[in-house]
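Take a look at the structures listed below.
Both of the next two complexes hold chain A, though its partner changes from chain B to chain C.
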Partner chain A sequence: MSRSAPALPGRVRVGLILALALLLAAPWVAGPYLLSVLVLALYYAYVGQAWNVMMGFAGQLSLGHALYVGLGAYVSATLYLHAGIGPWAGAPIAALVSAGAGAVIGFLAFRFGIGGVYFALLTIAFAEFTRIGFEHIDWLGGAGGLFLPVVARGQLDIVDLRGGPRLFYYVLLALTAAALWLCSRLKHSRIGYYWLAIREDPDAARALGIDLFRYRVLAAAISAGMTSIGGTVIAFYYNSLTPADSFGSAKSIEIILGPLVGGLGTLAGPILGAFVLTGLGEALRALLDATGHQVPGATQLFYGLVLLLVIKYLPNGIWPGLARRLGLG
Partner chain B sequence: MTAQRFLPLRDLDFEPMSWDVYANVIIGGLLTGLVYGLMALGLSVIFGVVRVVNFAHGEMMMVAMYLAVLGCGTWGVDPLWLMLPLAALMFVLGYALQSLLVHPFMTRPDHAQFMLLVAVGMILTNGALILFGPDARSIQVDYALDSFELGPLLIDKVRLYAAVAALAVAAALFGFFRLSATGKAIRACADNYRGALVVGLDVRRLFALTFGCGTACVGAAGAMLVLLGDVTPSVGPAYTLLAFVIVIVGGLGSMAGALVAGVLIGVSEALAGLILVPSMKSMVSFGLLILVLLFRPQGLLGRSA
Partner chain C sequence: MVLLEVTGLTKSFRGLKAVAGASFAIETGAIVALIGPNGAGKTTCFNLIAGALPPDAGTVVLDGRAITGFSADRACHAGIGRTFQVVKPFVQLSVLDNVTVGALHATRDVAAAQREAWRVLELLHLDHKAGQLAGTLTLPERKRLEVARALATQPKLLLLDEVMAGLRPTEIDEMVQVFRRLNRETGLTILLVEHVMRAVMALAHRIIVLHQGRIIAEGAPDQVVRDPAVLECYLGGAPA
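This part shows the complex of A and B:
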């Protein structure tokens, strides 16, 4: 690490401590519905950070990150169901598999000089190819997917990651915090500065002697491995996994909404974006429910509108402006 | 331990299929492929000129298909008669989208353009879900099961009509770009953007026209595709991907390439449905996309960059 994070102003530090205390206490204060919303927000905050490493830091647009969510889910669930290997060992194994897959896709794409829209399409193609493939593997449940054994209500089995929403809330909170720490270390390391140079001007970066190929593949592998752990946790949270829900292209889009709305390439952006979008989306759903309207698709329509407005009027997302206002810019 | 079957392979004791089964499947794939090709042609034209990748292409196709279903349900006409009105309507939609929403993004980074159109796609998909519900809609015409017999070959009437119409629309578009003054001006913009500005072409209007032509192809193809399959709100991404596969296999920006690749994909998907299982046929196109991207990114017919 070449330099430490800048010292924060006093009131921001107080705000951060308050926020952390609130986050730690939340599962004991919030009702079951609010807790499920928070679990979802934390999940998107985590996978958003993972995607942000590849796109926000290194400038490689992946529209197929559901591939790594799905690999994380399927590898660890299969290990658990067929080999009795619990998720604490399964998740790292799945992360290695996913990092390998990310590296291979990155290797193929960057070796053959595929960039821009072609790279984005290649990532979609790999994710969709894998989705349809998994739908035809009977051993993995085919299109119906896999189900994980459920424990009795209120029972807690931390070793096998079996339990209620509170367990998953804390697991995801820890993962999000760990990802934030890792991202801030990466961003301010030599690798992070190389990525920044590659993102801003690949030709100039190459002229300075940066090995573009190596650092792009590295970004793809790290991002894929991180995403995979999110996939493992969410599969164990829902107790079921299907190819469509794991690898589907709509999932890939959901992953990238948070970072885009929050602020691409920033540390806080993916977390802020995930919480704002999930919060507003669920508020809209609750409002519609309360007025007696069941409107499937309303939250997704709302996400689309928010994305459109943010891309048009706040191209850098909401965090940079907010940071300036808080005196952090 | 039970036997593990990773892929549902066909049982080996089936009777060998005679050649005419294959020939009929190939003809069906070829005709469907021409309709796919027309849809992809729209994507290719937009990219070739405006240099914007329309990530909402399939969602526009979904909108066109719903409009066709609604039109047929309301007036009881054959969807093929709705082809031209639908193309005109989708032209207006595309023109407005480009000039109001996409044009200000011309100077923005690529990913901002993609995300803008991804957002448009999300809005269209979920708007349709709210308006029409999740159920599949389709149209039955009275000649749906008729076919022309040519010796041992059976040619679906629906597919044949749709394919002929697709070729006619594509020919009209070729003619427009080759012969008309506006078409030539649009090609000038594509060849040399700055030069087009220098000689005083209204690039904004020409780009909007081009985007409109691209979505008009989608409108026409949508009127044909409701005859060949169902429409649901979530069908968009699959058509977007299909259009991308075709356009990339044919070479982004190449008009003839889009039609030829459409036929290629149509036939290979139909054969994959016969030889493997129908639900695996998209795997063949995605596999082809991956191979083409890796080994021949300019497309099978495109010029090397």
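This part shows the complex of A and C:
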């Protein structure tokens, strides 16, 4: 795993440019259904990339990242509905709130030496009691949640992030690209080296002068802040948000599937994993619909199966093997 | 000039005194070996100096600055580089990246750290493995990687915990040459815990013998190996 950015072989570069062109053109080619699938894939690619910072880079297993999705959704929706502050300002504010929440949870856990499985449980606990808490705040709609005013079909209001799937597609595409760029910069910086060292062996990292606490809290804050922006966008896309949908533990699990399948700790893995899983899951659903079968939970079962197969046969995910074949390994 | 001064260092584990009031000093530029039978408290001593464990009593002073009870990362900042007896490579990172992490202690610039890592790897004859994952290295190579990583932090005092164990005699001689050269050319001070007497005799200017947490002998290598107390508890055989 060479981590100095390698010069890409010609055909890979051509492939990347083609992929980018395809991604840019997709909303004008794809039908509404395919576009909605692509929006979802991009969303999971983005939040997966964000989660990967904490687990893939710094080795801190968070199973409660829905907390930051929910905070991103609720903070920016509340600001928009109650204070008239649009999502372009609301998302950064929500990201700061989430980064703060991530840092506080990290602070509590790492200060008191809670690690591994116990840390994962703690993240679930925070997400769950936040969900339950939000269900009892009437001002935020309680368990029924909040609804954002829907605009007329075809109307585009970029300032308030009101519009159709095309708008959200491009917003998420830009976010995913920005996250990829940021993660690449982080990974090849001093911080990235320190995160990987901490992930690999905390004691050895410490002996090399690395302040574990500081770098772990930093990873949690950055990951939480990034995730939160995804939460804002997806809330404005769906126009509605409920505590169960935003903070639910199923959401936390969906976030981590992409990086696990694609390749934990890699840059391309979360994106690849999100597209593969979302694509296959939707294909299965389409197949079942076409053959007249109604199987509730089929996609979830399918995700579980894919995860089992990946863990059994590709424990490092799809990307590392694929990268070797493309001559990038 | 004294670089490291340890006074009355004490550490107990559930009532068992692993280190019981050990006091010694190491001069700048010296190579000192800490020897003794298994369980004598050598590694605990290292852990107390390097901040991996807090001492129950006693003080550690490095270069005139009290570092007693420092955490391991602060001990590193103070100028202590250490290797682990049970090696702890970053197995999923390349050999170069392993050492670069160490080198990033002295510089924030990744490219500069990588250059420094290359230099250290060449010094330890590991440069031909730079691109491999550390997990693919053999045990002797992992031992050298431990040293490379610690060296890359540019320590004032290098603590080597049994880095010769498991090495072939020619490899031991090679390592001895590396440490001698480092010591001669950069004035690096070295404290080593070692069972391989071949290396100890070739390297150490002075030997400290630890037994049941106490220092029972100290002095020039040829004196210490003839000390009756040392022969009895560690080296074996009746004094001539």
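The rule is short, and it goes like this: the second predicted complex is superposed on the first by the 325 of 329 C-alpha atoms of A that agree within 3 Å, B and C clash if a C-alpha of one lies under 4 Å from a C-alpha of the other, contacts with A are read in each partner's own complex, and residues count from 1 in each chain.
One rule holds for everything that comes next: a residue touches a chain if its C-beta (ideal position, glycine included) is under 8 Å from a C-beta of that chain, and two chains touch if they have at least 3 such contacts.
Everything quoted here is computed from the prediction, not taken from an experiment.
Colleague: In the superposed model built on chain A, check whether chain B and chain C fit or clash.
Modeller: Aligned on chain A, chain C fits beside chain B.
Colleague: Quick one: classify A:Ala83 as touching chain B (first), chain C (second), both or neither.
Modeller: In the superposed model, A:Ala83 contacts neither chain B nor chain C.
Colleague: A:His188 contacts which: chain B (first), chain C (second), both, neither?
Modeller: Second partner only, chain C.
Colleague: Tell me the contact category for A:Arg206 with respect to chain B and chain C: first, second, both or neither.
Modeller: second
Colleague: After lining up the shared chain so the two structures overlap, which partner does A:Leu287 touch, if you call chain B first and chain C second: first, second, both or neither?
Modeller: Neither partner.
Colleague: Touch check for A:Ala197: first (chain B), second (chain C), both, or neither?
Modeller: second
Colleague: Regarding the shared-chain residue A:Val150, is it in contact with chain B (first), chain C (second), both, or neither?
Modeller: The answer is neither, since A:Val150 touches no partner chain.
Colleague: On the A-aligned overlay, A:Ala25 touches which partner chain: chain B = first, chain C = second, or both, or neither?
Modeller: After superposition on chain A, A:Ala25 lies in contact with neither partner.
Colleague: Name the contact category of A:Gly297: first (chain B only), second (chain C only), both, or neither.
Modeller: Only chain B; A:Gly297 stays clear of chain C.
Colleague: What is the value, to the nearest 10 degrees, of the angle subtended at the Cα centroid of chain A by the Cα centroids of chain B and chain C?
Modeller: Between chain B and chain C, as viewed from chain A: 80 degrees.
Colleague: Count the residues of chain A touched by chain B and by chain C, then name the partner with the higher count.
Modeller: The partner making contact with more of chain A's residues is B.
Colleague: Between chain B and chain C, report the minimum C-alpha distance in the superposition, expressed in whole angstrom.
Modeller: Distance of closest C-alpha approach: 13 Å.
Colleague: Provide the residue numbers of chain A that touch chain B in the complex, in ascending order.
Modeller: Interface residues on the chain A side: 55, 61, 63, 108-109, 112-114, 116-118, 120-122, 124-126, 128-129, 132-133, 135-139, 249-250, 253, 256, 260, 295-298, 300-301, 303-305, 307-308, 311-312, 315.
Colleague: Quick one: in the complex, what on chain C touches chain A?
Modeller: By the definition above, chain C touches chain A via 50, 52, 71-73, 76-77, 81-82, 84, 88-94, 97, 100-102, 104-105, 108, 110, 113-114, 131, 133, 149-150, 153.
Colleague: Residue numbers of chain B touching chain A in their complex, please.
Modeller: 4-8, 53, 101, 104, 108, 110-112, 114-116, 118-123, 125-127, 129-130, 134, 233-234, 237, 241, 244-245, 248, 277, 279-280, 282-283, 286-287, 289-290, 293-295, 297
Colleague: Name, in rising order, each residue of chain A that touches chain C in their complex.
Modeller: That would be residues 1-4, 188-190, 193-194, 196-197, 200-201, 203-212, 265 of chain A.
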